[in-house]
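Structure first, then comments.
So that you can tell them apart, the chains are marked A, B, C and D in the order they are listed, and the count of residues begins at 1 in each.
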Amino acid sequence: MHKVALIGAGRIGRIHARNAALHPRLRLAAIVDPVEASAAALADEWSAPVGSLDQVLADPAIAGVIVASSTDTHLDYSIRAAGAGKAVFCEKPIDQDLQRARGAAGALRDARLLLAFNRRFDPNFQALKARLDDGSVGTIESLQITSNDPAPPPPSYVAVSGGLFKDMAIHDFDMARWLLGEEIEAVWAAGSCLVDPEIGRLGDVDTARTVLRTASGRLCVIANTRRSGYGYDQRIEAYASRGMVRADNVLESTVQVFNEGGAAGDRLQNFFLDRYAEAYRREMDHFADILDGAAPLVGYADGVAALALAEAATLSAKRGEVVRP
Amino acid sequence: MHKVALIGAGRIGRIHARNAALHPRLRLAAIVDPVEASAAALADEWSAPVGSLDQVLADPAIAGVIVASSTDTHLDYSIRAAGAGKAVFCEKPIDQDLQRARGAAGALRDARLLLAFNRRFDPNFQALKARLDDGSVGTIESLQITSNDPAPPPPSYVAVSGGLFKDMAIHDFDMARWLLGEEIEAVWAAGSCLVDPEIGRLGDVDTARTVLRTASGRLCVIANTRRSGYGYDQRIEAYASRGMVRADNVLESTVQVFNEGGAAGDRLQNFFLDRYAEAYRREMDHFADILDGAAPLVGYADGVAALALAEAATLSAKRGEVVRP
Amino acid sequence: MHKVALIGAGRIGRIHARNAALHPRLRLAAIVDPVEASAAALADEWSAPVGSLDQVLADPAIAGVIVASSTDTHLDYSIRAAGAGKAVFCEKPIDQDLQRARGAAGALRDARLLLAFNRRFDPNFQALKARLDDGSVGTIESLQITSNDPAPPPPSYVAVSGGLFKDMAIHDFDMARWLLGEEIEAVWAAGSCLVDPEIGRLGDVDTARTVLRTASGRLCVIANTRRSGYGYDQRIEAYASRGMVRADNVLESTVQVFNEGGAAGDRLQNFFLDRYAEAYRREMDHFADILDGAAPLVGYADGVAALALAEAATLSAKRGEVVRP
Amino acid sequence: MHKVALIGAGRIGRIHARNAALHPRLRLAAIVDPVEASAAALADEWSAPVGSLDQVLADPAIAGVIVASSTDTHLDYSIRAAGAGKAVFCEKPIDQDLQRARGAAGALRDARLLLAFNRRFDPNFQALKARLDDGSVGTIESLQITSNDPAPPPPSYVAVSGGLFKDMAIHDFDMARWLLGEEIEAVWAAGSCLVDPEIGRLGDVDTARTVLRTASGRLCVIANTRRSGYGYDQRIEAYASRGMVRADNVLESTVQVFNEGGAAGDRLQNFFLDRYAEAYRREMDHFADILDGAAPLVGYADGVAALALAEAATLSAKRGEVVRP
């Protein structure tokens, strides 16, 4: 049993608390949050003590730290936890500022840090990756990533989000890197404000298409919108030399209703915490593996690379030209 | 080019007229119908002469006769055409009366007669049969045939139809024999009147389930209703020793609409002439093959065997007991 | 928090232990099993004490008893637990012997007893039921239940299983009753031994079709085989006056591979503990509701009624005639 | 009955000959081809006379001319036929040279000319358009067009094809204009040579992604490859303010094979003449409507606009920058 501490008792922190508490190889040994009531409530739910960051870092019995606090603290807390010799589970993104993220290389490049791009742990995307890896369809040539939110966030969220590319597409940039198996050399992005004019007034876009290209010419399209109107749309198609692999959406049930209008399937799962519930469990399982000695499958360098692509896309969409990340 | 004559210019006759007229190896050389105006209109459409049955039978240049007249004439016209040395394309059913149909054995057993069970020529069911024959799933063990009409016929039709089992399920009995590869030894049928009480008053049922069993124990379920409420539902599932093959319905288009209620596919094709358009073309093509010398894939004996199963099912549903056909 | 005890630490007992232990309103307060090592291992896993049946029944703090022991003890333990004033969660079947099951009416008819037909709690079948109940497709008329195991059990299991109808189809009889909304008046069953001759030598069948009929003429077909060859096949189609609702299988992932042979989807979930994992959680949640005062959604009388249908089907298949349950 | 002449007895000419000959409102009155044997064979097949272009243009009884000759003659023959007062059915593309195509405006802008972008007449894409038009999903915002050939053409074809964007994507540019309902203001294209190095040596690409943007910010991605490895992949997804409409591929049959590896569907239709057989029929039907007085649904200006987009994409892919068409 590895003792782990959780920093951040918000929405995503509560998910990680549950998964850590129920994990057979982990014990949730401390919950830290500046809002005392949040920490206390979550601690009560899982019979875990409330703690402070300093206590956690000073406690040699705590082997791992889960950083699920606000984005602007990810980098700092990760550096401090790694400095204290802990394994780190750091929520995405590593930071919103590329320069600052790159500046942490000295502290984090060699850390045992899992950067929590949860989609790498989704069973459907893992199954897609497995088909690519086992040669079922030959060598990958291009990729279509569709990643649409069901409904737009409030403008107050958009204002501090870092923009669509850093906030939303950052997951897709990581998926592209993971699946293409080659670094990106060129980024074109086109963004529009079609959903909510308020988002445009804040200088952001709500609808975007990004094209990535690798050195050998592999191509990837990322399609994003803040509002699909039909649920949380999360799909990938990987085109290869002998065929194609697709991971489709997850529906709320397998029920279909047939009547004179046709056959209607159930809704897409609408909420990311439902869609990726198993992914969150699997990434916590991987954190347990890291505490057992495994190397992180996705770490600091991946967080920086995805952020660099997000910054390149932001720039490309603004300038209307190709950008090299 | 083989000259063929068509007897019957009704709905199904018009389909066969078109397919014969457009067939590269057939020439539509005569159209016969007691209703002169019907014959004349169809003859005009395909630039074919109107004729009489006697002329057709006496004309040595006419090699084949398509019997698409009313059910009670199928047997008589087929016997006369066969007697005149013609190849015969006889619409289903061979007759409504099993004794009478069996009585024609002397005249028809060795005739070049194609009994037009069109579903054997449907591309989807042929593809299913091909998968069974090529060993993709091993040896067949059981069968599920779903065969539902979109909406009930008028009571006037039901009154002369011979009942659900002879009128509607007769196709399914033929499919069962074709796919099971073994004769049926036992028939259980359960029928209810759930759709239209008028059908019940006529002594018929509108909803039925029939279970067939072969000597080796293979099982087949036939599900029928006169009114599906969602289109013309024509499906088969064949269960075998290493898997299952399914032929699904044909939709009006591949379009799906996604909105907050879910994903809605298009309607099932609703009308049998649309659903089986290609089947009708392929069975006419097979008739051309027969005129070229091929043996009929489905003939007089199959027509009698399907009728015997329909009679057994009718009896079983009435008596509530197992019947041997 | 309601304290509950678990009787039986076998495969299904371990599932219930986990779900009870993790349930926010339940506390797993005792584990009872004649095999001490089994009880101890499970108790250790969930930090629960090992106990004896007598201790459990005598302990007024224990409000509920989960009977997950061997089938022949279900009835006895349920009667004793109910007699001690406990709420009872009784695994299916209530018993293999219909007379004995009926004989427990005095003790159990009014007990707070949840008979654990897990499929009623499956999210897909619940979604299907909801569509029937909300009138999306009108009034139910007929039902197709497909329920195939992936691979046959060993003959040693078959020998004590009570036969296909009591062991396997019992679930389907319960589903039929639940969805048809009317009691069954007539049962026809046809069974064959096509999968494993050893099963036949034991006097059982491995492939069956059962037709049920209600007083108003509603029809239900249950299709069973002990070996599908393609996974755990669990589907329902409900035909109604204005359409049809279908609950389809659950696949291992949403991945599809497209190559020159076509598009291949992933496997069906193969193991019942995977397919029904959520159903087991939901039925435990319902047990918590019962402990809070709710009436059981499925109880003693349902267990007896399903067993009566299984006995009728067994008889019908043997005699080749219709049986009234 | 309108008399029509066909110019060009090659592969696509033969399709149009059949559809014209079988059309109830058209009579195929002349077949013209510089290769006499081709003209004669096709004329024989449909009992139509061989003719010359001059005869056709001079014959006042011929109301329509179908231009299905080689691409470099489309413009010239269309101008001559229009000049002779004929209605023109002109195969795509209008020309490979944008300047030349624009130069024909004086002659063709007001001609009764159907530019034969067959996909506008495909039943699936028409159904998708109908859903967009009837408001099922609100206002269109973006579009994903996937258009992949099964296997690459020989290099000799590629050499004279005008390049992937003019030869292959030209259809998709037309679809984008048709469905977006707004002209394109900006074109980004990225092309790679991943399939056949010989295509690269000829200065062309075999894999491309093109992003189009309208004045109001609507976005369209076109995905093309010369070799899918899994058939002729022709799909469209239209994203709108309240949902999404998708037109999926057409399979060779509805058959699915289930075995221990999963469920395998049939192949995609592989050949464009199969996939678009009905589209070719429907566009001939529209030509008959034009001869009856209807305005062409797609004409000269559409041919020029699609060509302008193809030229812009070719340029964009070469220069790596955004191009305004």
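Brief remarks on what is shown
To be clear about the criterion, a residue touches a chain if its C-beta (ideal position, glycine included) is under 8 Å from a C-beta of that chain, and two chains touch if they have at least 3 such contacts.
In UniProt terms the chains read A, B, C, D = Inositol 2-dehydrogenase.
Just so it is clear, the model here is predicted, and its values are computed rather than measured.
Taking the mean Cα position of each chain as its centre, A sits at the greatest distance from chain B.
One inter-chain figure worth recording: chain C and chain D are separated by 57 Å, centre to centre, where each centre is the mean of the chain's CA atoms. Centre-to-centre spacing of chain A and chain C amounts to 39 Å, using the average Cα coordinate of each chain. Among all residues of chain C, those that touch two or more other chains are 137, 228-230, 242-244, 258-260, 266. Viewed as a contact network, the protein chains are fully connected, with every chain touching every other. Across the complex, chain B meets chain D through its residues 22, 123-124, 127-128, 131, 136-137, 242-250, 252-260, 266. Of all the residues in chain B, the ones that touch chain A in their complex are 228-231, 251, 258-268.
Contact residues on chain D toward chain A in their complex (touch as defined above): 137-138, 141-142, 144, 146, 148, 186, 188, 190, 192-195, 207-209, 211, 213, 216-219, 221, 223, 225, 228-230, 233, 239-244, 320-322.
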